[in-house]
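Notes follow the structure.
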Amino acid sequence: MHKTLAIASVALAFGTAQPAAAQKTTEINFYYPVAVGGPVTKTIDQMAADFSKENPDIKVNPIYSGTYQESIVKVLTATKSGKPPQLAVLLSTDMFSLIDEDAIVPIDDLAKSADDRKWLDGFYKAFMMNSRTGGKTWGVPFQRSTIVLYWNKDAFKEAGLDPEKGPATWDQMVEYARKLTKTDASGNVAQWGLKIPSSGFPYWLFQGLTTPNDALLMNEAGTETYFDKPAVVEALQYWVDLSAKHKVMPSGVIEWGTTPKDFFEKKAAMIWTTTGNLTNIRANATFPFGVAMLPAKKHPGSPTGGGNFYIFAKTTPAEQQAALRFVKWATAPQRAAQWSIATGYVAVTPAAWETPEMKKYAQDVPQATVARDQLQHSVAELSTHDNQRVTTALNNGLQAALTGSKPPAEALRDAQREAARILKDYK
Amino acid sequence: MTRVTPWLLLLPALALLAVFTHWPALATVWDSFLSTPKKGRPAHFIGAGNYQGMVEDEVFWQALTNNLVYAVGTIPLSIALAIAMALWVDSRLAGRAFLRLAYFTPTVLPMIAVANIWLFFYTPQYGLLEQITQAFGLASHNWLGDKRTVLGALIVVAVWKEAGFFMIFYLAALQQIPPQLAEAAALEGASRAQYFRRVLFPLLMPTTLFVLVNALINSVRMVDHLFVMTRGGPDNASMLLLYHIYQVGFSFWDTGYAAALTVVVLVALAAVAFVQLRVLDPRTHYR
Amino acid sequence: MNGAPGGRTVFRPAAAARAVETAGAWLLGLLWVLPLAYAVWTAFHPAAYSTRFELGAPLTLQNFVNAWHAAPFARYFLNTMLLVTMVLAAQLVLGTLAAYALARFEFRGRDLVFGLVLLQLMVMPDVLIVENYRTMNALGLRDTIVAIGLPYFASAFGIFLLRQTFKTVPKELDDAARVEGASALQVLLKVYVPLARPVYLAYALVSVSYHWNNFLWPLIVTNSVETRPLTVGLQVFSSTDQGVDWSIITAATLMTSAPLLVGFLLFQRQFVQSFMRAGIR
């Protein structure tokens, strides 16, 4: 009798245990780059935890992988050795390189239902520009940005400028910068009028000058570049003149990483940097500051920037679907709004801007809306096949011109020649 | 028993050396004659194709020149400083325990960590170096952002890191030298400088040669600081060969060209090895 | 210490010259600690004082707390300790065996083998990153701590040092042990290894600090937090696209260097002396 009871209870235990055991958890490794304002891992870890709570059958492992450039190396290293992550946030411009390596799957192959289609159509068109090619969507916008100009309102007042208005044109930017550049008794510059960083990825900031000058740097298919067109050369000449002729910017290469700190330390009255630095600057600037769209030449304009979600091939269909669910969850209006508020990146869907938190945030921090409003003038970020190599060629040319070792026309001509050589196999 | 055992004892070490040193060296040479596999085109033999590309590559020549300048900049200076440090620490100088600590500490720190500190050091306008030069009324300078000074700035970091390490070797060598030599030289009326030049330095020669080879290898091997401070810029003014190999191999994924670049580095190292074996070793004696 | 061989006490330079020399040595010493002192200042003060050197500035440990929470440093520490221990153990065992064979056995091809070993002194795994990476893939070991250490398990420097040391052991001790019936391995363990202790210590210190600080190869071969050593973790952590916070970065830097620094502070005498006693010139 006891034995029968024992066997029965064991069978019952197993019986009830079965359904639970049958529900397996899908695990996805999620590589993400870039520091967020505040403790790096906490925000993303919180997201992963929240998602897993709502979706207990999926476990997201966030893995911090450094800068965008370091992350693409890590992702491709992992892919080439047969163990890719299931999900990653990488530069939107890495799309061609990832396609060439057969690393990613098109999102439309996974997002087939009508609801999914609506979701994919819900993003700002400007952000989709670096996310689509060959009629397919390969990336989903997540932490996207544009370049904006931050200005120190106190410094403006001191220099006799209207503290509520940033420079609207190239000429105004030079004129303001002249008034804002201050030298001390020994002849050293105590405060520069303007700093446009040129280390690491100057090509992106350069697009902040070519776009207002109505010049495009590459074609949509990513097989051709136009680095030596006259409008492009003119933009580079303007950049070089800022330090060489007008002396409102230091000569040589300006470090990207220290530019916000230069702003806090009042060593630069105006800086160009990503809108993603907004929360950082809000937290650390001891003075009132303004945010403006990039000054216009023929019209205003900026490149978009930042990272997209990519879902990787050579993973199981279950993992890909799980990754898609996380992507949809993370880009839902509520969460996109939260992410934007926490960092300063532009919330990637118009729907996110309509949420109550976002509306309140836009009221409290009007500077946050500048990047969004700039979207209508924005163009795709430079993106071609063999992207790392082509951007390196352009970066080298830009740094050569900015350090004075080559005149702009020659620097860009050399860069164009190098890019053409790299891309000729892709035509 | 005496026949089998030596090979058995050597087997594990030799096997690992073969897999991770000898085989890769040969494979690199072979790979340098193949093209990089691309979508739809597996690697195939292209003879001197990669080398031709290398000769035409401005960045390669820049990197090669930089490596030579870097070596010439770091090696004599760090050796000279190491000797001076060793002499000072070994003598009855006041506070020499602190000095020994101060000189040697940079060596135990990871280069990637000190690179961050030096990046801060070199920051224009409010970095420590700027604050010091401004206190003396000198002009502000963007050390890492200026093509003329960036390599020099990196050389300073390398010398700072290495001199203390070489000092230890000289300290050990100085311990072997009998003090009677100094007394004898003084009796003969030699000055301290003469004693150093004629007696001490030649006696330290074996150490100097050992340190020299070490320093040469380090100047090729150590590129960690580039990752944090300059990434080879501006415009390749601080590009070093090993960093270029990393860039070509793991950022551009051009494995054929990366192999060709590695062969250049291997040839350079082989030349150093040759010089050491044929020229330097016969002059050194081991106990 | 015996009288300064540099001749300082013997030649008796003039007091003024001696003072200048002392000042010079001290200036160099201060210059040498300056970067580290700067880092210590920045790490222990709030961000606002990172570039202002006011003596009355408040001290804080918050930077260390922030740095600790900002990246999984505990895991990085663990990985690094596992790595250096594993590498050292392997190097000592393999090196001892190989050095013994090369020092005490006569066999054909011995010089050739020694030459092949010495090759690694020049051609280090660091230079062969592209090829070794491919090998690791083929072995299926990518992204493991073993993969970081494996190319270094056979250390030419270690074999060279130990061979040199073993060669100085008097033959009589060897013969005496043999007479008592010891096998070759027992002779190794009972006679050679104990006599080479200073060399083992010196080598261990060199190996640990080398592998604690190694960066490029671990960068390439690791991807996940479970395998990253401190150097890679620090670089990943301190490269931010959003602007650098020096206070946190210097705090993290000091945290990751602290064990080695403390170890050196405690053992510097042994460190220097073991180098000297081992006769490394």
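The first chain written gets the first letter, and so on, giving A, B and C; residue counts start at 1 in each chain.
The working rule: a residue touches a chain if its C-beta (ideal position, glycine included) is under 8 Å from a C-beta of that chain, and two chains touch if they have at least 3 such contacts.
All of these numbers come straight from a predicted model, not from anything done at the bench.
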Farthest chain (mean CA position) relative to chain C: A
Which of B-C and A-C has more C-beta contact pairs: B-C
Chain A and chain B, separation of their C-alpha mean positions in angstrom: 37
Intercentroid distance (Cα basis), chain C paired with chain A, Å: 39
Chain centre separation (chain B, chain C; CA means) in Å: 16
For chain A, residues that touch 2 or more chains besides their own: 77, 80, 258, 265
Of all residues in chain C, the ones touching two or more other chains: 51, 220, 235, 239, 246
For chain B, residues contacting two or more additional chains: 126, 250
Partner chain B, residues of chain C touching it in the complex: 1-11, 13, 21-22, 25-26, 28-30, 32-36, 38-39, 42, 51, 53, 94-95, 97-98, 100-102, 105-107, 110, 113, 116-132, 134-135, 150-151, 153-154, 156, 159, 164, 168, 184, 209, 212-213, 215-216, 219-220, 230-231, 234-235, 238-239, 246, 249-250, 253, 256-257, 260-261, 263-265, 268, 271-272, 275-276, 279-281
Interfacial residue positions of chain B with respect to chain A in the complex: 38-39, 59, 123-126, 134, 137, 139-140, 142, 144-147, 231, 233-237, 247, 250-254
Residues of chain A touching chain C in the complex: 29, 33-37, 39-42, 63-68, 70, 74, 77-78, 80-83, 256-261, 265, 273-274, 276-277, 280, 284
In the complex, chain A residues that touch chain B: 69, 72-73, 76-77, 80, 100-102, 186-189, 198-200, 250-255, 258, 262, 265, 267, 386, 388-389, 392, 395-397, 399-400, 402-403, 405, 425
Complex contacts: residues of chain C adjacent to chain A: 47, 51, 66, 69-72, 133, 137, 142-143, 220, 223-225, 235-237, 239-244, 246
